[in-house]
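One chain, subunit A, appears in both complexes that follow, with subunit B as partner in the first and subunit C in the second.
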Partner chain A sequence: MKPGLKRSNAPIFWALFGAGGMLSALLGPMLVFITGLAIPLGILLPADTMSYPKMLAFAQNFIGKSFILAIIALFLWHAAHRIFHSLHDIGIHAGTGAKLLCYGLAMLGTVLAAYALLVIGF
Partner chain B sequence: MSENQKVIEIEVLRYHPEKDNEPYQQVFEVPFTDDMSVLQGVQYIKDYLDGSLSFRWSCRMAICGSCGMMINGIPSLSCQTFLRDYYPARVRVEALAHFPIERDLVIGLEGFIEKLESIQPYIIPKEARTLAQGEYLQTPEQLGAYEQFSSCINCLLCYAACPQFGLNPSFIGPAATALLHRYNVDSRDGGKAERMELINSEQGVFNCTAVGYCSEVCPKGVDPANAVNQNKTNSAADYFLRFLAPKGGAK
Partner chain C sequence: MSKRRPYVRSMDGWWRKNPFFVEYMIHEGTALFVAAYAGVLLTGLWRLSQGEAAWSAWLTALRNPWYIGFHLVALAAIGYHTYTWFKIMPRTMPPVIVGGQRLPGWVITAGGLAAAAVASLGLLALVWGMAR
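For the complex of A and B:
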């Protein structure tokens, strides 16, 4: 066995990427339909489905909070990983800088979402 | 040569490092018959047109894995690729992509041989056995777990197909990972923990971005992409669970 093998920390990012990919594939199209088409055009769903009081109640419920956090954070980690690897694929090997920028933005988005969900109360 | 002999143009990538600054293309006009492979085409060039052309070959029947080349940009065994499928257009033959060129169509294999050694491609017995204990027995299911991965002939088409190996030659790559997996899932083997060190390392499976072209070009029906991606799961499980259930492979 070759000496000096360093364990890769990729599983962390790969797991977040995989979780985000699974979630976006299963729920993404439905969320786009509800928030982008059904609600604005007033089809299929009651007009006040996404009204402010309803959405506030949703975000204050523990399960609602978890759902919003998972959607925002995991979608971001998925996108960050995809963008980082695509940069590599097209020949931009920015290394640590690109890694920090991609995953840093996902981390920032996660922290902001978690903070907002906490301050909105229970 | 008869009047209606068909002639195809073969464009070959030439490079003799002792006199050429960089590789260049040379076109040869090769008379051919419908049963001639691209390998036979370059053999014709060597025998009748330019004896200095270098390439590797041996068995002529997709078993030895020596004659891999880029044929019109696609990693192929030249012995099972036929000139008739390109005629009347010109066919372009180049050394396998992503490898250093030793001479003309001959690539440097050192990097791959090192990888092949590093995966310990042999059964490491779980415990010492005496001859008196007889042979190992396996069920068809135990054989099925590794059989397809044992068909690799080290032709390196999958490495020429892998964009990630092209970007990072230290990546252990498709064939070596498939062979590593072949021993890890063999019921007679006990060397998994040692081999997983390589899978888990920065040279390991996470260099793969699931392109899948390696499995597409494999002439022996091996699915290296499958081996690589199964081991992403194995490696991730080991990464997160190693503190709960340490079973080697962790550093």
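For the complex of A and C:
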């Protein structure tokens, strides 16, 4: 690499955007259906599918923890990247402030999710 | 400052004049629902960490018609995200060469949509199996 050329941080955000986009494309609609419609309306799945003991056990399990963190964090990073790059299209000439706000909120959500998963314990 | 005030054509609503850009704005707009749904899940996770009473209150709140309505719209929006994600994929991934021929775009799109269908049914079966 030539001296004076700075490495771009764009590939990191793009990778998070791509990973979140892929995960939400593969599982997003079914997750919304399960947590947002099937469970509250009591259709298709057993009524106690998301009962406290079951969800606690799921969130305490290492695989369950990783799944919850991956879904929340990658969905947020995907959305933050896409919204940030769409600001220009709706006439907002986004600068560093907008970038900090978009990615900062995704980072905040990631930290909050990780903290909650730690509080829930192992 | 210069006194010149050149005419700059307004760009307001530029995307509304062309159906291609309208579609583009809608598929970019699905990100708002992905973010909102992640927010709903984060709230649930937070309630779960606060104990059984908080968790049960959150589950009850999900039965609110506003939440049901939001999830219906989110299902449509994120479902549309799935469709467009794989529709665009032939142009966002490197060309795939099979037997000296470039794999046609529709094969990549169809493969992606099939993978989404399999993953979704697998997730439903897994949740079903764990709940029993």
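By our rule, the second predicted complex is superposed on the first by the 115 of 122 C-alpha atoms of A that agree within 3 Å, B and C clash if a C-alpha of one lies under 4 Å from a C-alpha of the other, contacts with A are read in each partner's own complex, and residues count from 1 in each chain.
By definition in this document, a contact is a pair of C-beta atoms (placed from the backbone, for glycine too) under 8 Å apart; a residue touches a chain by one contact, two chains touch by 3 or more.
None of the values given here were measured: they were computed from a predicted structure.
Visitor: Once the structures are superposed on A, label A:K6 by its partner contacts, choosing first (subunit B), second (subunit C), both or neither.
Guide: first
Visitor: Quick check for you: in the superposed arrangement, does A:W14 touch first (subunit B), second (subunit C), both or neither?
Guide: first
Visitor: Mind working out whether A:D89 is in touch with subunit B, subunit C, both or neither, as first, second, both or neither?
Guide: A:D89: touches subunit B and subunit C.
Visitor: By the touch definition at the top of the document, which applies to A:A80: first (subunit B), second (subunit C), both, or neither?
Guide: A:A80: touches subunit C, not subunit B.
Visitor: Could you tell me if A:G36 is touching subunit B, subunit C, both of them or neither one (first, second, both, neither)?
Guide: second
Visitor: In the overlaid three-chain picture, which partner chain does A:Y103 touch, first (subunit B) or second (subunit C), both, or neither?
Guide: Neither subunit B nor subunit C is touched by A:Y103.
Visitor: By residue count, is subunit A touched more by subunit B or by subunit C?
Guide: Tallying touched residues of subunit A, the top partner is C.
Visitor: From the superposed pair, tell me which subunit A residues show up as contacts to subunit B and also as contacts to subunit C.
Guide: On subunit A, the overlap between the subunit B and subunit C contacts is residues 85, 89.
Visitor: Mind pulling up the subunit A residues that touch subunit B in the complex?
Guide: 1-2, 5-8, 10-12, 14-15, 85, 88-89, 93
Visitor: Help me check something: in the complex, which residues belonging to subunit B touch subunit A?
Guide: 118, 120, 163, 167, 194, 197-198, 200-204, 206, 209, 232, 235-236, 239-240, 250-251
Visitor: Under the stated contact criterion, what part of subunit A meets subunit C in this complex?
Guide: Those residues of subunit A that touch subunit C are 20-22, 24-37, 39-41, 45-46, 48-50, 52, 54-56, 58-59, 68, 71-72, 75-76, 78-80, 82-83, 85-86, 89, 91, 109, 112-113, 116-117, 119-120.
Visitor: Using the touch definition up top, name the residues of subunit C that touch subunit A in the complex.
Guide: It is residues 11-12, 15, 25, 28-29, 31-32, 34-35, 37-42, 44-46, 48-49, 52, 55-56, 59, 62-63, 67-68, 70-72, 74-75, 78-79, 81-82, 85-86, 112, 115-116, 119-121, 123-124, 127-128, 130-132 of subunit C that touch subunit A.
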